[in-house]
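Two complexes follow with chain A in common, the first pairing it with chain B and the second with chain C.
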Partner chain A sequence: MFDSTAEPALRLCDVEVSFPVRRGFFSAAGKLHAVNKVSLDVARGEFISIVGESGCGKSTLAKVLLGLQPVTSGTIQINGKNLADYSRKELAYQVQPIFQDPYSSLNPRKSVAANIALPLILSEKLTAREIRKRVHEIMEMVSLPIRFEHSYPSQMSGGQRQRVAIARALITRPRILVCDEPTSALDVSVQAQILNLLRDLSRRLNLTSIFISHDLSVVRHLTRRVAVMYLGRVVELGDSEEIFNNPRHPYTQLLIRSILPPDPTYRLPPVTWDGGGPDPTNPPPGCHFNPRCPYATDLCRTALPALIKAGDAHVACHAWHDIDAWRAAGGKTPQLS
Partner chain B sequence: MADMTDACPAPILSVRNLEVTLRTPVGDLQATRGVSYDILPGETFAIVGESGCGKSIASMALMGLLPRIAHASADRCRFDGQEILGLSRRKLSRIRGNTLSMIFQDPMTSLNPVYTIGDQLTEVFVRHGKGNRAQARERAVFLLERVGIKNASARLNAYPHQLSGGLRQRVVIAMAMMCSPKLIIADEPTTALDVTVQMRTLALLAELQKEFGLSIILITHDLGVVASLSDRVAVMYAGQIVETAPTAQLFADPTHPYTQGLIRCIPSYGTPDPDSELSTIPGMVPSLIGRQKGCAFRNRCPLAFSDCGQVAEVALQKTGEDHAYRCLRPHDSLIAHWRGLHGESV
Partner chain C sequence: MSNTPAPLDNMELAMPTPWQQSWSMAKYHLGLQTGALIVLIALICAVFAPWIAPTDPYAQDLANRLAPTIWQEGGSWAHILGTDGYGRDVFSRLIWGTQVTMIVGFGAAVISGIVGSTLGMLGGYLGGRVDAAVIFLINVKLAMPGVLIALSLVSIFGGSLLSITIILSLLFWDHFAVVTRTATQEVRTREFIAAAECSGASRSWILFREILPNITSKIIVIGSLEMGIAILVEAALSFLGLGIQPPTPSWGILVAEARDTMFFKPHLIIAPGLAIFILVVGINLLGDGIRDVTEPQGRN
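And then the complex of A and B:
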């Protein structure tokens, strides 16, 4: 499907994004590390997911890839060239976004055809006839009937609008597609249509796709590789089969256990509370997950674990080996809080 | 659903033929048609469906929270022995937040940002004449602790923006519990929350329900939530209940083609496989403007035949004790279709 030995389509190296934050008027400015030392290679034609909960930095990462958010440190290479060396127009030919909410990401005062053609008009000298042809081609590709070309977004359903957004993203024939929660605003039956479309298109056009989501069941169905983020860091990275069948990081285990199966025999576990997630402006020392982790040791409370190879995946956890051995011996996962 | 009030304990809420019509510039929109159900004391009744199916507006009608352009009528809408549809605002406000309370999707918009959570929690209690401010505070602290908020008496002085989303939703739940309601309507209570918080919030609702003998109407689009929390479920499509059954039975023998399609669309249903297509329901929901004829699902239904568009109205058919579905096809052939989808021999 893709060649992993070739130069990656996308290479992130120690990418860091931080924002200054002030808690009160007189207090010193702190720093919020939205993305913290993230390194990741994405091969050409690969479909990779980034999952995590709100505040984990996944959307900031999307903005970085689109050139909408400068990095504090680290480098990003797209097709071997630094992101900073691309002009805005050049970048638009390489990377295109699909956002969560098609109600706000489309211009309500422009027709569907005008919305789709917008990236072309800005960056290419095409005649009106050529533009119209390209728009029709792309509408067909996303299964949007041509009769909608003069409609306005307000006249369309959520699923149709998201098809318009996908058409707009593809009209510059980009190499990389960044999808930030593309289906969380849609109904389940429509969500499935859009997910199938995204997967088919990435295969047909050999697109490199970054799929950002909080929904693990969607991710499992869609992609072969998954990166799990927690508080700005990648805590586990690997093949989705491996991650779902044998999650090593305690946070990944917690996420997977939080999927509610459509099974009426399933019983909710007893309630435990941990007082909420940690404060991102003041993360706990050591492993950021340690206050919520049932396996945490003194080491976890002092030293930050690096992302290291663990079995067939990569994991950032000091204790993964013990946890793995203990689970292999039949230990039941303790109730995580 | 057929009338079955004789056999069971008296329902806390009984709704018959609830119709909500929205007057829009392009014509009347039938948001719900002939919605009927009974909620028994202590049960969780889920209403599941996609956006625009009328699941929220049906409950808004009960609470008297409809927009001005909406008009609601029903043969019966009896809550706790009292007809509640068309009550004056004043009489309704004695019920709302008291014996009948509501939890909304977004905890940020259901809490007032300029009052402390203590003010907002105690207000309901004092307003409904349950006691003085000191008693209200005592009850608020008790409930905040019950929903797992540590250091509750200090937290009463916090403003909503100082709490995380999950914490805020627990405050909203505590607020709904202040006057010991008999029925809570929870409209997508966990949709705005993170997955790890969602599960705990649902578990909390389940615990509170057992402990206080509440009835809950759970409105959701998520069949995972339905499966984990509800006793009975109604599936709504285009303003009508198309299937209603005990939850276990709905998942075991989904009868209406829409229910079958909905279950198959869930990404976590069946064996996940990045190479296989997700099952979808083709097409989209029909417009509800003007009087509808025939089955509303026929254009998306794999089993539709000519009669589906001919009949004036598809009636609910009973199958089994507490299971009914709105389809012209016989039960056997629908179940055979479901099993056939899974390669099972019939």
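And then the complex of A and C:
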């Protein structure tokens, strides 16, 4: 499906984004590392997921890729060229967004056609007729009937609006699609339609897609590779089957156990070793996950683990080997009291 | 395993467009219709004053001073509302006064609307130092005693139609700025702004093509309120002798001139007073109605 030896479509190298925060009027400004030394290669045509809990920096990462948020340090390369070297309009031809909430991602005062055509109007000198033709083409591609073109977003359902948003993102034929939780505002029945549409279009147009989500069951069925983020860092990276069947990082294990199966007799999952989310402005020393981790050792409390190769995946955990052996021997996951 | 969903052709568009929705609400909005009717009549009077007014509003007929109205004994169709202390036809002066009133009210609302909305949108969208500067200006304006400033400015620059309009617009821009700033801040966080930024939209595009259409109805509502207030302040200034100068027929001047005779010719003061009252009520009804039919959150 994609060639992993060729130059990656997207290369992130030690990307860091931090925001100055002040807790009180007199206290010194602290720093919130929303994204902390993230390195990631995404091959052309790949469909990769980034998962993690709220506040782990995945949406900030999306903003960075879209050029809406400058990085504090590190580099991002898109097709071998630095993101900073792209002009705004060139970037629009490389990366386009699909946002979470189709109720706020379309201008309510503009017709569907005007919403879809926006990227085209902004970057190309086309006649009204050519624009209309391109809009019709793209509406067909996302299975939106042409007769919707003069409608307004407020007349449409969430799924239809999200199709409009997808059409708008694809009208300039970008190479990379950044989907920031594109289905979390939709009904479950519509979610599947939109996800299938996204996957089919990605294949058909050979798009590189970055799919940001907290919905692990969606991620598992949709993407081949998954990056798990925790407090701004990638803690595990690998093929989705490998990660879901054999999670190595304790945080990934916690996430996977939190998936709710569609079974009414099933109780809430026994996720009890949650010491509460840490304060992102003041992350714990050592491994950021150590206060919530039942396996934490002294090493975890002092040294920050790097993302290293672990079996078929990459994981940032000092103890992954011991945990793996423990689990292989049939050990039950310890509960944090 | 291509699961491309079925086309949506079987779905019907049940909802009307925002414009249709506003229109269908306006059809049943009595306040809006009343207001629109009053403002329309005032507009017609202002524009067609030379044709509507039966006589020249400046023509004095000293032999026929303080003539009675049509319903009083000895009244005639020549002077429906009688004549004033100089023998001028009150009805004609009232019609011509509409012109002054509408020009000052509308002009002040438009100028202050442009100034205030521009400042508010810039502050709300750009944030940071620009916003701090806008807030500073608004606070300075709010701290100033508006009417006193207006009085002193009028006494410096005189009471021409142009200077009154500009001075009144300097009085009212802050309301526009406060409202548009807040509205812009709310709109700019929505994702369609980020989507436009991703496609390389310039700041002016985002301000005028993305944000402005979403806050226009708010601006119109404030504009109507300001127009009402401007008309009242103009009348007050003219009444005090600081606004439009006699013999120009302004409603405020008509009230002021009728002061001397108000106890034995009360209609001379009641007629312009009632005109001011009805027009301001009409403008406010219109503004409220527009807000009711255009603000989506007000819809049920």
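As a working rule, the second predicted complex is superposed on the first by the 324 of 337 C-alpha atoms of A that agree within 3 Å, B and C clash if a C-alpha of one lies under 4 Å from a C-alpha of the other, contacts with A are read in each partner's own complex, and residues count from 1 in each chain.
Assume a contact is a pair of C-beta atoms (placed from the backbone, for glycine too) under 8 Å apart; a residue touches a chain by one contact, two chains touch by 3 or more.
In this text, all values refer to a predicted model and were calculated from it rather than measured experimentally.
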Chain C versus chain B on the shared chain A, clash or fit after superposition: fit
Chain B versus chain C as contact partner of A:Gly80, first or second or both or neither: neither
First, second, both or neither for A:Gly330, with chain B first and chain C second: neither
Which of chain B and chain C A:Gln193 touches, first, second, both or neither: both
First (chain B), second (chain C), both or neither touched by A:Arg220: first
Which superposed partner A:Leu66 touches (first chain B, second chain C, both, neither): second
From chain A, separation angle of chain B and chain C (C-alpha centres, steps of 10 degrees): 70
Touched partner set for A:Pro262, first chain B, second chain C, both or neither: first
Chain B versus chain C as contact partner of A:Ser105, first or second or both or neither: second
Superposed arrangement (fit on chain A Cα atoms) - minimum chain B/chain C Cα distance in Å: 5
Contact residues of chain A, present in both the chain B and the chain C interface: 157, 160, 192-193, 196
Chain C contact footprint on chain A (complex, rising order): 63, 66-68, 87-89, 91-92, 95-97, 99-101, 104-110, 115, 118-119, 122-123, 143-145, 148, 150-152, 154-157, 160, 165, 168, 172, 192-193, 196-197, 200
Residues of chain A that touch chain B when the two form their complex: 47, 53-54, 157-160, 187-193, 195-196, 199, 214-218, 220-224, 240, 244, 254-255, 257-273, 275-277
Residues of chain C defined as touching chain A within the complex: 2-9, 11, 13-18, 190-192, 194-201, 205, 210, 213-214, 296
Chain A-facing residues of chain B, complex: 50-51, 148-150, 164-167, 194-196, 198-200, 202-204, 206-207, 221-229, 247-248, 250-252, 261-263, 265-269, 272-274, 277-282, 284-285
